[in-house]
């Protein structure tokens, strides 16, 4: 069964179609790439999937449930997590607090328990602290747990975004240009990390990326978007040789 | 006995001349907000200072209406620039709340500093207009009503001209759109912001003199309520948008006289707030405001 | 970074210092002998906030009375020292100001505040500390007598109470103006206006006449009354009762006349300021009447106006007059008591009779602490105040 | 993380010491009633500013109608105490409850607005409450509502302490962090599974509730309440305390409230100049310390403890 099924998805902003008739199917455990030139509508697709935008048309089915029009936090409850292209960390909070906030939906104690400092609070906080620390450790951020997120270097901020998204315990992880601004070595490390977390957490991953080496290196299938439409999809090898893609996207770069 | 039609017409006239004054004050609020996103709570008090300058010119220096208006506008413009340079400029990169608190402090300073200098007593303007009353059937309006509306219209046209066609006006629009980009394009951002304060304060002073001349009385706390109402007017129209301030001001004036007109004068101020809130709930950026979407 | 930290600590330290200095119990006055040489009278007035104009005028009156008393050599062989406090035109600040005057400055009596609400806020503090207060213009009946009928022992006033003025005005409208239909315009923020309006309405309607509409405004905020006046115009009453203060009343009268409304207009002692003439203009004021304390040609009033002008270069109004009278009454009581013992001053005030002030002769009713004094009706004729009638209290 | 540690013990000891010193000097008569009154007011304003800080400083929602909630609490508690002959505690709880309900009713529609639009909407709500009270003669209308004084230093101080502890505990819990994430980045918070509307309303309601509680204390201490005391200028005062102390700092709010109240009391000796001096100080402080006295940091006793541990 498909984990995510997108049918005939369209979104227009005051008449302008940003995404039109998008069809997409992702099976459990897959690692899919979403590529396309600037302004092709990739991030809009993410925003539609995560509930930031309400689709104009079409349906999104996730784990067999229709989820059009659900607010983002409910999408998160259902098991979809994302990172942001323009990093959106909680800058004035510590690194570990960033992760704890993402873990909030799994915490067991209620507001009153927190205010009255009942035993449940200490238990819950201890659990959170431990889990958050584990997530940080995966991304090598545990030594900076008590620094402010805004003071981290760029590459670490990107990794913290992924760590934070993982802390919501998703089954589908959407990564929006995770390697943007990274050098080749960092990108290489990131590639391995993405592969590793997919296995470790039993995840399905959809990623937007500009860095071709990353996409071609890790993705099993790729969707190519141009002017809000899917112009091609298939394995990396198929995409590389697809004339439409070359024309729209790779061709541009080749010049 | 006036017919219902006359009654409505009279209330509309009342509303328009009151609304014109709100609009003049609201323009200053909206311009300053548009350029540095500051709710300048001291704006109503600049209006008060303008009214006092006008009063000084007409009673002590025996000026007539127009020279007094111009002197008041000019001196208030200078005051506006001084306030901006001393109190707001150091906070341009601080949090907006810090600037807001400074504006509140400045408002108190003008009110109570003014009270120390001119004492809290009400001052009366001499009659600078003929006290002619024009009546058509049961509808009456004064020479002063005409002056208010005409002055307001002229000042608004002048403002539109300045903002649209002069270099300073274009710079203002550029700075309000993107301060850094404007700076890179060689626009002197500091001077442009000062010019905005000068223009806004001059308009407020004009409103102050008009209030003084029309209603005859001024006092150091006269700026608080018109200031607050003009702010509501600016938000109602969509803060930062010049036509919005005009529309909002007129709407406020009309709302007030209609609510009083149907016999709920007690609830007039509450009605203004309720309408504001309802409008905001339907159009969160005001009547003419564009819905600006945050890029995700 | 470091400088910032230092600043923070310096600030916290300063703050603690302020706490310590501000809250350290005041040491007994080092010059205790000197303190005994003066008699302290406190003034709790609205010096800032919405009705600062009235408070300031009242304080000027009170200060002038004290200055004059000192010029005559003071009382009981001592000079009077005036200690001022600001209540920001707010009840809770009035409680604070009263507490400060009574417990910090140890005044023997207080003059002020000008509004009933702010005066009511002082009642309990004065009961607890047993210090008398005279409000110049706190007209609400409950200032001196609680709603349940018990007397506020330490509270006195120099003015009429609301019901008296409203009654006088209503009777004048019925008997002299032959009115049958009245409209009332009141300041919704002012209990003075509400009190006058209530008793006017009661008296007027008891006589079988009709109050056809009541409109409200907010003093200090509103300058445009055309909307409510347009409403009244449509109902066409033969008298409009406007129990407000001169600032708004002037505008109301003027705007009514501008709208072509020629009926009689009537008010209370809040009209008593020459500014009324400046604001409304002499033509508009024809066919208007108000209740005042004394006839405007009273020689004592003229003398007071002259000395007030000499002192402050401002004109008098009812606030200045009553502020002055309240202070004079307090001074007279201290003299009569022959002591600065507050209980004796209270007793002297309670039995005060035939006190001659600028606002006329008054006698304190020991049961209600209200002064019994007569009222005058003043009529405007081409900008001149003309004495129209005198009404004695029952 | 334990409930009973050295730090908490030290804080408790300090609180008891402050309470006892004031109480003893007040009883002995060395502390003048005027200063005692000022200190009680400091407690009231601490509750107000800390609760507003929860809304504005921590959750990032610019609300300037706090005096409205304060007045709701004040009048509701006065209603219970005076009209229903209820006890002080029932009055205070009722005031807090009604204010909290008002917080929900006002918060749900208006919290969809952002930034300055929310500010003006809350300001408007506060003014509407005031106008309603002004026109309610049953509760005294413009004249005011006389309430017997039943609050004393003990009540004010310990209610203040409990309020601050509750708000602090809330902020330092997972739910509090959820509120802070709304301030930091609403879109990211939502994407991480935070129901931002719920947490905004929750913070707003808790803030309103404590403003109501403070209003109840105020009403039962000041002898008389009147609508004028709760105008938007009072909301500005409270906001100024919060910003002055530092947005997102509880100790900052405490310092801000203390500083402003004590300053105002001290300047009572200069009635003519008082407001001008306060205005100038406000401007100067903002210019030289735009992030407030404490910034978003807390004043901690850690340095006392760490010395021993070192």
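Order of writing sets the chain letters: A, B, C and D. Residues in each chain are counted from 1.
As a working rule, a residue touches a chain if its C-beta (ideal position, glycine included) is under 8 Å from a C-beta of that chain, and two chains touch if they have at least 3 such contacts.
Keep in mind that what you see is a predicted model, and the values were worked out from it rather than measured.
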*Going by the stated contact rule, which chains contact chain C and chain D alike?*
B
*By C-alpha centroid distance to the whole-protein centroid, which chain wins?*
D
*Give the label of the chain whose average Cα location is farthest from that of chain C.*
A
*Cα centroid separation between chain B and chain D, in whole Å?*
33
_Using mean CA coordinates as chain centres, what's the gap between chain A and chain B in Å?_
49
*When the centre of a chain is set as the mean of its C-alpha atoms, what distance in Å lies between chain A and chain C?*
71
_Intercentroid distance (Cα basis), chain D paired with chain A, Å_ = 41
*Shared interface positions of chain A, touching two or more other chains*: 52, 84
_Touching two or more other chains - residues of chain C_ = 47-48, 50, 188
_Multi-partner residues of chain B (each touching 2 or more other chains)_ = 112, 266, 269, 296
*asked:* Under the definition above, what is the set of chain B residues touching chain D in their complex?
replied: 33, 37, 39, 87, 90-91, 94-95, 97-102, 104-109, 111-113, 116, 228, 231-232, 235, 239, 266-267, 269-270, 273-274, 276-277, 280-281, 284-286, 294, 296
*chain C contact footprint on chain B (complex, rising order)*: 1-2, 7, 10-11, 14-15, 18, 112, 115, 119-122, 124, 127, 131, 133, 135, 138, 140, 142, 211, 215-217, 219-222, 224-225, 256-257, 260-261, 263, 265-266, 269
*Within their complex, state which residues of chain C touch chain B.*
47-48, 50, 52-53, 55-57, 188, 213, 215-218, 220-224, 226-228, 230-231, 233-234, 236, 247, 250-251, 254, 258-260, 275, 278-279, 281, 314
*Please name which positions on chain C make contact with chain D in the complex.*
7-8, 11-12, 15, 18-19, 22-23, 25-26, 47-48, 50, 84-86, 88-92, 95-97, 99-100, 103-104, 116-117, 120-121, 123-125, 140, 142, 188-191, 194
*Any idea which chain D residues touch chain C in the complex?*
25, 30-35, 37-39, 41, 134-135, 141-144, 146, 148-149, 218, 222-226, 228-229, 255, 258-259, 262-263, 265-266, 268, 271-272, 274-275, 288-289, 293-294, 299
